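What follows is a pair of complexes built around chain A, which joins chain B in one and chain C in the other.
Entry: the complex of A and B
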């Protein structure tokens, strides 16, 4: 088997503050293969955006202390200097953000922004780049691309702007696309089209995608693999079907149970996690989820490793509970849900 | 004694915003038809969800109901009484009974005020309570939303997003309202926190008999929290009915598009064959298509849809939809 396109090993990212070091990413390891989508889910402040930014070296300017390896196509890019990173960004790996209005230049026409992205990495005549820009816009599903090229970001709708940003990201056919909450700010119908677009791009181009999101519905739609993050660590990782059908970590359980589903009659009550996420400056010793976990016991004072415990070598979790005991707990919760009218 | 009719009744409500040309006060060159003839009713203790894409007029409708913007025409009745267009001309006793919860718990709380002041200000403004009585009501409101009285001494920045939204809800509760208008109250929150706030809204309804007009873009959340759902498209209500029925068997093709586009957290349902998501983007409310506004994007549209505007008509189970080609019975399976 070919080595994965992206392999992250023991990545740690800390930010020094007056109160102490914020450990935003605390020993994350993951891999993504070409043509696959890895969904990284978790709540605000769990470190998922820091992880995404750090892959492309975007946290360096913010004084982050980074350790660990980020291997892209066989090369450790965590060790690259700034000019080498600049050649890599937008060429081998590109990123799209939640808010296209903040990511596009407000005073530059869409066309010139795409042309600039193309010519930053290749020697192409302006006219040829402009033709390519129109092609890119058409490819991401923007109708009447020639007209849109001459327009400014404020003249486009939210969904159109998001697609223009994707076109810029795709300008140099990156092998890796990092998408940080790409559909959080758009309507559901637009979201459905953007997700379909990402799915098509990875199939047709073999592009790998790291999709950062808080929306489990989005993950279920497009991801092949899922990594669940909590307080800077991955607490569970595995194939998407396994994570949804046989989740192993109590934090994953509560995330799944707290999402109201449109395809079912409502639960009498949604599941909710008590308490709040821990401080990343002085997180609890052992399992970070321990203070909020209804099932914690004495072993939880030691950090559980991310290991296959559920019988599938590709399905890893960080929970000390016996898998058999977990099954019982989940079945009990499910039958309580049925009594609630689920 | 309370009237028998609905608590809130909105009839033919219209709100157009003029588009002016010129640098100073130019002439009117067009109108944004944000709300264009909406009729709705909410009963005592009932929750109505309002869904639709950005720009469909749902926020403007809320603000018009509360009198924060004056409608162009139409009527708003509360407890059987016709209300003045502007909030400031409404009797204070009525204003107290309709309170609002905002979307952004960061922007809607004054960062320089203590929580007890934020929650207590409405009591002072309405002259309802002062001194020890005010403190008691504030403590009770905080308790209702799951915060301790001691939290009253703190400032908003000391709280998480979910806790801030609770403070916003406590502020709305302080005046003992009968109707709460909540514009996207959970959209800015994480899923687990979202669940806490949705559960809280449901508890408050059960305990206090509150009625809600709840705007949301997440159909799953709205289905969970509401008895009925109204779907808006470009200033019009296109479908309204019991929440379960609207989500499980939509009648209007636009509702079906919204339902189809809503992701379901189950990878086994990926690529489900019944997805029908509308093509293209919603047109501007400044130049809505004639007749049925959805017809340019509708897979079922015929010539009729471009000529004659469909009216809201009754279907089974207390549902209403404005469509010439409704997805009912056998027609729904295509």
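Entry: the complex of A and C
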């Protein structure tokens, strides 16, 4: 098998603050293959956006201490200098962000923002770049692209703005697209269309997508693989169907339990993950989820490795609990949940 | 955009009418010196004063005088439009002619100062913002604070004491009153080097601090991150994305400051260096109680500020498309 397009190994990102170093990403390893979507899920502040920004080298300017390897297409981009990184950003790997209104320049026309992305990496005449920009808008499903090119972001709807952001990201045909909460700021019907668009683009272009989200519904819809992040670490990773059918980590369980399900009787109250995420300056020793975990026991004071424990070599987790014991616990919780729902 | 400009234009005209009425009220309704007495001179008899009063139409009811005044300012009647009155002490010379005579010196002074202060403030503010909390930033902030706090008349006198070619420790630049004597644009410009610097430094300091604050905010905007993610070179990220946003509110400030300075706010600098501009004319007029001249200049200044405001609004709408809708 060909090596994966993106391979991250033991990535650590820390920010020095007066209170101490914030370990936003604490030893993350993952891989993504061309044409596949990796969903990275976790709650706010778990380090998933820092992870996304670091892949493009965007955390460097903020004084982050980065270690580990980020291999994109056989090249360790964590070791690149700033000018090589700049040539890579927007060309080989592109990114779209959560709030398209804030992420587009409010004082520049949509057209010139797309043209700028094209001309940052290729020597093309302005007119040719503008024609290409219209073509890109059409490809991402923006009607009447010639008119939109002349408009400003505030004149577009939320969905059209995110499509324009995607057009900017596609300008140089990147092999990797990082989407940081791309549908959080848009309403549900627009969300479905944006996700369908991303799905189509990766199939047509064979583009790898890292989809950062807090929304398991989004993950279920488009991801092939899932990485669940908690307090800077990946606590569970595997194919999407395995994660939903046979989740191994108690944190994943509580995430899944907090999602409303149409195929289950309505619960009076959705489950929430109890407690608060730990401080990333002084996280708990051992398993980071330990203080919030109802199943904590003596082994949890040591950090569990990310290993295949559920019998599937592609399904890894960081939990010391015996897989048999996990199954029992989950079955008990499920029946209790159904009873509770009535 | 055209609709917006027309709308603002109508607003500006309405404002001009209101401002004119206010100026009239300040000088004619509120207690002030009697123009007829002033004009008649010290040794005039009461009859002579009465005669002058009648010839000036000061006997007429307030509303009639107001009508005449407004007609003079806004219509072709009563010596208008733009009849700002006449100066008693300058052979009944129309105020507009005096202003027109003084404006070039003020405009020259202000124009040079603006170029200087923007030329200083933008690079200093941007450099400070990009290296926030560095030694350079701290030194800049302290220096600018000093210049913000220094009064213009003091700065002017210090400048003369140090650099003027007559009284200065190091004679480099022409000193007080050189502007009148200089012939030709270049020679006059040379005499304005000290006034330009003195007028610009304080404002440059304020602008540098303002631009720094705006730049710090702009550099943290999501769209700056987007520009970096596109692979745009950092220099272009700073200039085309962050500075483009940060400079927009500065334009507003600049327009208002320009209007104020042209309308006579350069009064201290003009007085210290004896530059024959509007500001110095106001000082002279106040000295002599040249009541009509003061009223005329105040009205002219108000007009200038209203127009400066109008221009600022239109330029702002051009710079920020969100305003137009």
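The rule we apply is simple: the second predicted complex is superposed on the first by the 336 of 342 C-alpha atoms of A that agree within 3 Å, B and C clash if a C-alpha of one lies under 4 Å from a C-alpha of the other, contacts with A are read in each partner's own complex, and residues count from 1 in each chain.
FYI, contacts are C-beta pairs under 8 Å (C-beta built on N, C-alpha and C of every residue); 3 or more make two chains touch, one makes a residue touch a chain.
Nothing here was measured: the structure is a model prediction, and the numbers come from that model.
Peer 1: I'd like to know which partner A:248 touches here: chain B for first, chain C for second, both or neither.
Peer 2: In the superposed model, A:248 contacts neither chain B nor chain C.
Peer 1: Using the touch definition from the top, say if A:261 reaches chain B (first), chain C (second), both or neither.
Peer 2: first
Peer 1: Between chain B (first) and chain C (second), which, if any, makes contact with A:143: first, second, both or neither?
Peer 2: A:143: touches chain B, not chain C.
Peer 1: Which holds for A:273: it touches chain B only (first), chain C only (second), both, or neither?
Peer 2: The first partner, chain B, only.
Peer 1: Report for A:43: first if it touches chain B alone, second if chain C alone, otherwise both or neither.
Peer 2: first
Peer 1: Could you look at A:157 and tell me whether it touches chain B, chain C, both or neither (first, second, both, neither)?
Peer 2: In the superposition, A:157 contacts chain B only.
Peer 1: I'd like to know which partner A:213 touches here: chain B for first, chain C for second, both or neither.
Peer 2: Neither: A:213 stays clear of chain B and chain C.
Peer 1: Between chain B (first) and chain C (second), which does A:240 come into contact with in this model arrangement: first, second, both, or neither?
Peer 2: So A:240 only meets chain B here.
Peer 1: Scan A:54 for contacts with chain B and chain C and give back first, second, both or neither.
Peer 2: A:54 sits against neither chain B nor chain C.
Peer 1: Give the list of chain A residues in touch with chain B in this complex.
Peer 2: Contacts found on chain A: 43-44, 143, 157-160, 187-193, 195, 214-221, 223, 240-241, 244-245, 254-256, 258-263, 265-267, 269-273, 276.
Peer 1: Per the contact definition, I'd like the list of chain C residues that touch chain A in the complex.
Peer 2: 221-223, 225-234, 240-241, 244-245, 248, 319-322, 325
Peer 1: Hey, which residues of chain B end up touching chain A in the complex?
Peer 2: Of all residues in chain B, those touching chain A are 53-54, 160-162, 190-196, 198-199, 202, 217-221, 223-224, 243-244, 247-248, 257-270, 275, 277-278, 280-281.
Peer 1: In their shared complex, at which residues does chain A touch chain C?
Peer 2: By the definition above, chain A touches chain C via 53, 56, 58, 61, 82, 86-91, 94-95, 97, 99, 102-108, 116-117, 120-121, 152, 154-155, 165, 168, 171-172.
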